[in-house]
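What follows is a pair of complexes built around chain A, which joins chain B in one and chain C in the other.
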Partner chain A sequence: MKRLAANLLLIILSAVYVFPIVWLIMISFKYQVDIFSIPPKWIFAPTLEHYRNVFLNSSVIDFLANSLIIAVGTTGLGLLVSLLAAYGCTHYASKISNRFIYSLFLLRMLPGVAVVVPIYLVASKTAMLDNYLTLILVHVCIVLPIAVLMLQNFILDIPKELEEAAMIDGCSRFGAFKRVVLPLMGPGLIATSVLSLIMSWNEFLFSMTLSGYSTQTLPVGVTAFMADKTINWGEIAAMGVVMIIPVAIFTLTVQKYLVKGLTMGAVKE
Partner chain B sequence: MEKGIKKWERFIYLLPAITIMTIVVLYPLLNALYVSFHQWDLATGGKMFFIGWQNYRDTIKDVYFWSGIGRALLFVLMVVPVELVLGTVIAILLNIDIKGQRFFRLIFIVPMMITPIVVALLWRIIYDAQFGILNWLLSLFDIPAQVWLGNPQLAMFSVAMLDIWQNTPFIILLVLAGLQAIPHEVYQAAMVDGAGRWQSFRFITLPYLKNTLLLGAIFRVVDSFRIFDTIFGLTRGGPGRATEVISIYTYKTGFSLFKLGLSACQSFLLLLITLVVTIPLVVSILRSLNARKAVS
Partner chain C sequence: MNLIELRSVSKKYGNTEAVKNFDLTIKEREFIVLVGPSGCGKSTTLRIIAGLEELSEGTVLIGNQIVNDLAPKDRDIAMVFQNYALYPHMSVYNNMAFGLRMHKVSKDEIDLRVRECAEILELTDLLNRKPRQLSGGQKQRVALGRAIVRKTKFFLLDEPLSNLDAKLRVQMRAEIIKLHRKLKATMIYVTHDQIEAMTMGDRIVVMKEGEIQQLGTPDEIYNYPLNLFVAGFIGMPPMNFLDWDPGVILGVRPEHIRLSEKKGGAGLTDAARSSNKEYSISGNVEVIEYTGAEKQVFLQTSFGQLVVRTEPGQSIMEGHGYTLSFNAQNIHLFDQSSGMRLQHGFSKKISVINE
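Moving on, here comes the complex of A and B:
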């Protein structure tokens, strides 16, 4: 009986929860007339018109390409840098590495707005505005705290004996890490990459202020569309769905590691 | 083990990360400290000249700066308690052994990871006064239509609803992880001793969850205090200044008024305020982390 009540409550709550997303998807397939009909139409003749318009719009394709370039660049550079740092913090724990971890937490907590003007000033002085590298470096800083702590956790999960055995067999310390520990960290590396892809893909404040005509990402582009006087809900919804799909798929693949990642290893599942 | 290691070797692995952090965060902040003692308005010519503490005096006397901080704090108080309670309730429901448990979990996870700016535009469509689905739903219960984002009295509440929708899942995930760490034997022992459901929740579940909830609260307080994306996407701080939290206000000073000196100064004060609040929180997180490492 109680189980049934709990089940019912969950069904209601999750229906409420999932409704906004379902609604967005429905709008993206509706003709303009149906979008604005009251009462809303639950059953309607679907159309791909909005998706066609979105993908035929050359600036949307540019936004998409920019988003991908920056997200992939961030993940590649971020992973490399974080992996080195995580290795250093794990194997050579010292005062410096403790301070480093401390500063990572501060970096995680920093309000973006408090640094966006300072970064903008330096970037404009060095002619680095509207530049992929600038955005990638900034995104790396956003990803870094979570990535380092996550990777450190994964390194700690691997028994030290394995590495020591490899060192007895003649590997250097770093060699042992490269040959023994790294291959065992596959899931950890994937989870960290996916999380940093999502974070870079979602980032808005810095992408808006530091980008220009040629580096605008999807979140920036969709906001500009939204600000237009003639709001076309169908196309905006279609763009929204296009942005949600990769995030949803990726999130589901790293589900297991989300808690560990988002709390920077403070909670283990 | 550690004997043969040269000093530089301890440091070299951290070097790339530290370099990037210095270039992207530390150097710009120091530069901004320098700029904050200058007047530098792009709107009126754009020459920079030294004015001493004037920007700081102006900011401290600036009503809108402090009301922005006040609004951000109010926002924290509006969303974090609700997210903690709602998140805990849903997590406990999800922890019961029922059919489709995994499916329900998925539903609750996705909103948390969606691009905040997409969440904002999605809710703008829902909140729309004329064609929005929310007003239609309420009309079914004879509740009059509301101008969710245009009414200064409602706007903050509307933003808070969005935030609760998006970020409660974070608490759900945390609490689920916390619940799974409670050993079953404890509940069994309590049942043998005749404890009811409420008692075992009150005297077992809650104490076990205390640290998890505290940690969730810390992350949520920090993140909701610095909220920018969703408010920018929903209202841009409006109507009037009804939702102009501090991050929106500071952003506007820099990027729509182009008062660079003043906005560097505001950035700095915001940073100081955040650090004063955050450093004790970070220390407490790290302490619990280290305690855990010592145990395992």
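Moving on, here comes the complex of A and C:
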């Protein structure tokens, strides 16, 4: 009985999460007339018209490439910086380093619109608009606080005696980090990179403002289908589907590495 | 040459002082045992010697060289951690081989040593397992193996046998002693086990709240405890303490008391008698615990509860009155307020030992 209730709840919850995606996919295959029909049609004659429009009449391939470059760059650089920050703040913990981690969140507490104009001005004065590096750096700033906090939790899960044992066995601190901490950080690094990838992939405000003709990302590209008088929902939905696919594939592939308990057996419970 | 020396070493964690003003000189090839109640700073002392803790005060010397700032990897030590700290992502074999690889030992030599060590520790069948697939005792043997395979000058062993069954523990104890002789290494050994402390240690350090209470051979610690704490801590069951004279506490070990049938039956009326040679008091048996090799008899006396160890053959009955007698040679007198030993037998005996 309890299980039934739990399962029911799970079904309802997943419906809530899955429904918009299903709706999006459905719209992307509907003719314009069906999209607006009331009541909504569950059964309809499908069309690839919107996909054709998206791929033929827009630079969606370029957007995809830009999004990919920026998201991967953000994830790589963000992970490197946040891993070092998290490790440093954990092992040389002091009042200052603890505050440091929380001060990173100040960055997140500010609404993006409050900083977008100053950043735009700086970028434009330094001729850094429409530049991958600018977008990557800004995205890293967005991802960093959460990445540091997440990674710190994963580092704290590794008993410090493991590193100490490695240091007694002949490693330097860095050697112990490389040989013992890093291999045990796998799931933490994967979880953090999924998050960082998604955050960068979906980021709109800064990408919109700081990108230009050659660096437009997918979320920015979508706006091209919002004309003055009409909004092409079919094309927008099709592009949404295109956007979801790479992230979904990545997440599903790495999911199996997201296991807990890599440090099991290391220390006496 | 004195190999390891701690000079007025202190270690504070915030407000708790884990190790206080610690002075200890460990001789070359010595087997030194640290004992003391939980939280008295034994592990911290080992970690200080290993170089894992920054000192709050003091100096650590290894071989007459100050090593305060020397990294652990440059100290030529191996350590067994109290909580094992096995590398969870490596097999048993690789856990043991790791340190040797770091020291660029040749592959053949590593294989030889790991297998030899696994043989001694009865781990041969487990070499391919991961730590999570091992029982507690097996993990502990891997932790021990990871240290002894290194053949370093110094070994720091933090309760390395605590999780083994009685039989294996005796066996491993012998192996460690053998190894100590064979490698001519200096070993610092933390234990809760009285028998380990007494049988393995060249010298024993008794600690309490971060301070050394007494440092001496097992014989000195057992026969000449310097204060009430040491007297009560070493020995199982612990020493009996009687409020003998005002301000004086008399200690006598359970194994030094004889029980004899009391004339005149039960009751405590018979007052304590003492001559120059012999002390006797009367008491009533409350509980008898039979351990197989001996009986531990708990008696109520006018000085409080006492425990006596007797031969299992001696017939003793609960509820009966007995006379407890012990030789004046076997008593320990302590000052009640300071807890310090009052007799001077200790220093006399020490000078004899040193000659």
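The definition used in the following text is that the second predicted complex is superposed on the first by the 208 of 269 C-alpha atoms of A that agree within 3 Å, B and C clash if a C-alpha of one lies under 4 Å from a C-alpha of the other, contacts with A are read in each partner's own complex, and residues count from 1 in each chain.
Here is the rule we go by: a residue touches a chain if its C-beta (ideal position, glycine included) is under 8 Å from a C-beta of that chain, and two chains touch if they have at least 3 such contacts.
Keep in mind the model is a prediction, meaning the values are calculated, not measured.
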Q: Using the superposition on chain A described above, determine whether A:E161 touches chain B (first), chain C (second), both, or neither.
A: second
Q) Which partner does A:P183 reach: the first (chain B), the second (chain C), both, or neither? A) second
Q) Given the touch rule stated above, what does A:L135 touch, chain B (first), chain C (second), both, or neither? A) neither
Q) Looking at the overlay, does A:M109 come into contact with chain B only (first), chain C only (second), both, or neither? A) first
Q) With the two structures laid over each other on chain A, which partner does A:I96 touch: chain B (first), chain C (second), both, or neither? A) first
Q: May I ask you to decide whether A:D169 touches chain B, chain C, both, or neither, giving the answer as first, second, both or neither?
A: second
**Q.** Touched chain A residues, chain B compared with chain C
**A.** B
Q. Looking at the overlay, does A:A71 come into contact with chain B only (first), chain C only (second), both, or neither?
A. neither
Q: Considering only touches as defined above, state whether A:T263 meets chain B (first), chain C (second), both or neither.
A: both
Q. Following superposition on chain A, which residues of chain A contact chain B and also contact chain C?
A. 262-268
Q. Any idea which chain C residues touch chain A in the complex?
A. 47, 50, 52, 71-73, 77-79, 81-89, 98-99, 102-103, 130-134, 136, 139, 146, 150, 163
Q: Could you pull out which chain A residues touch chain B in their complex?
A: 3, 6-7, 9-10, 13-14, 17-18, 20-21, 23-24, 27, 35-36, 38-40, 80-82, 84-85, 87-89, 92, 94, 96-97, 100-103, 105-107, 109-122, 137-138, 140-141, 144, 148, 198, 201-202, 204-205, 209, 218-219, 222-223, 226, 233, 236-237, 240, 243-244, 247-248, 250-252, 255, 258-259, 262-269
Q) Considering the complex alone, what residue numbers of chain B touch chain A? A) 2, 5, 9-14, 16-18, 20-21, 23-25, 27-29, 31-32, 35, 90, 93-94, 96, 98-99, 104-111, 113-118, 121-126, 131, 133, 136, 165, 170, 173-174, 176-178, 180, 212, 215, 219, 222, 225-226, 228-229, 232-233, 246-247, 250-251, 254-255, 260, 263-264, 267-268, 270-271, 274-275, 278-279, 281-282, 285-286, 288-289, 292
Q: Report the residues of chain A in contact with chain C in the complex, numbered from low to high.
A: 159, 161-162, 164-173, 175, 179-180, 183-184, 261-268
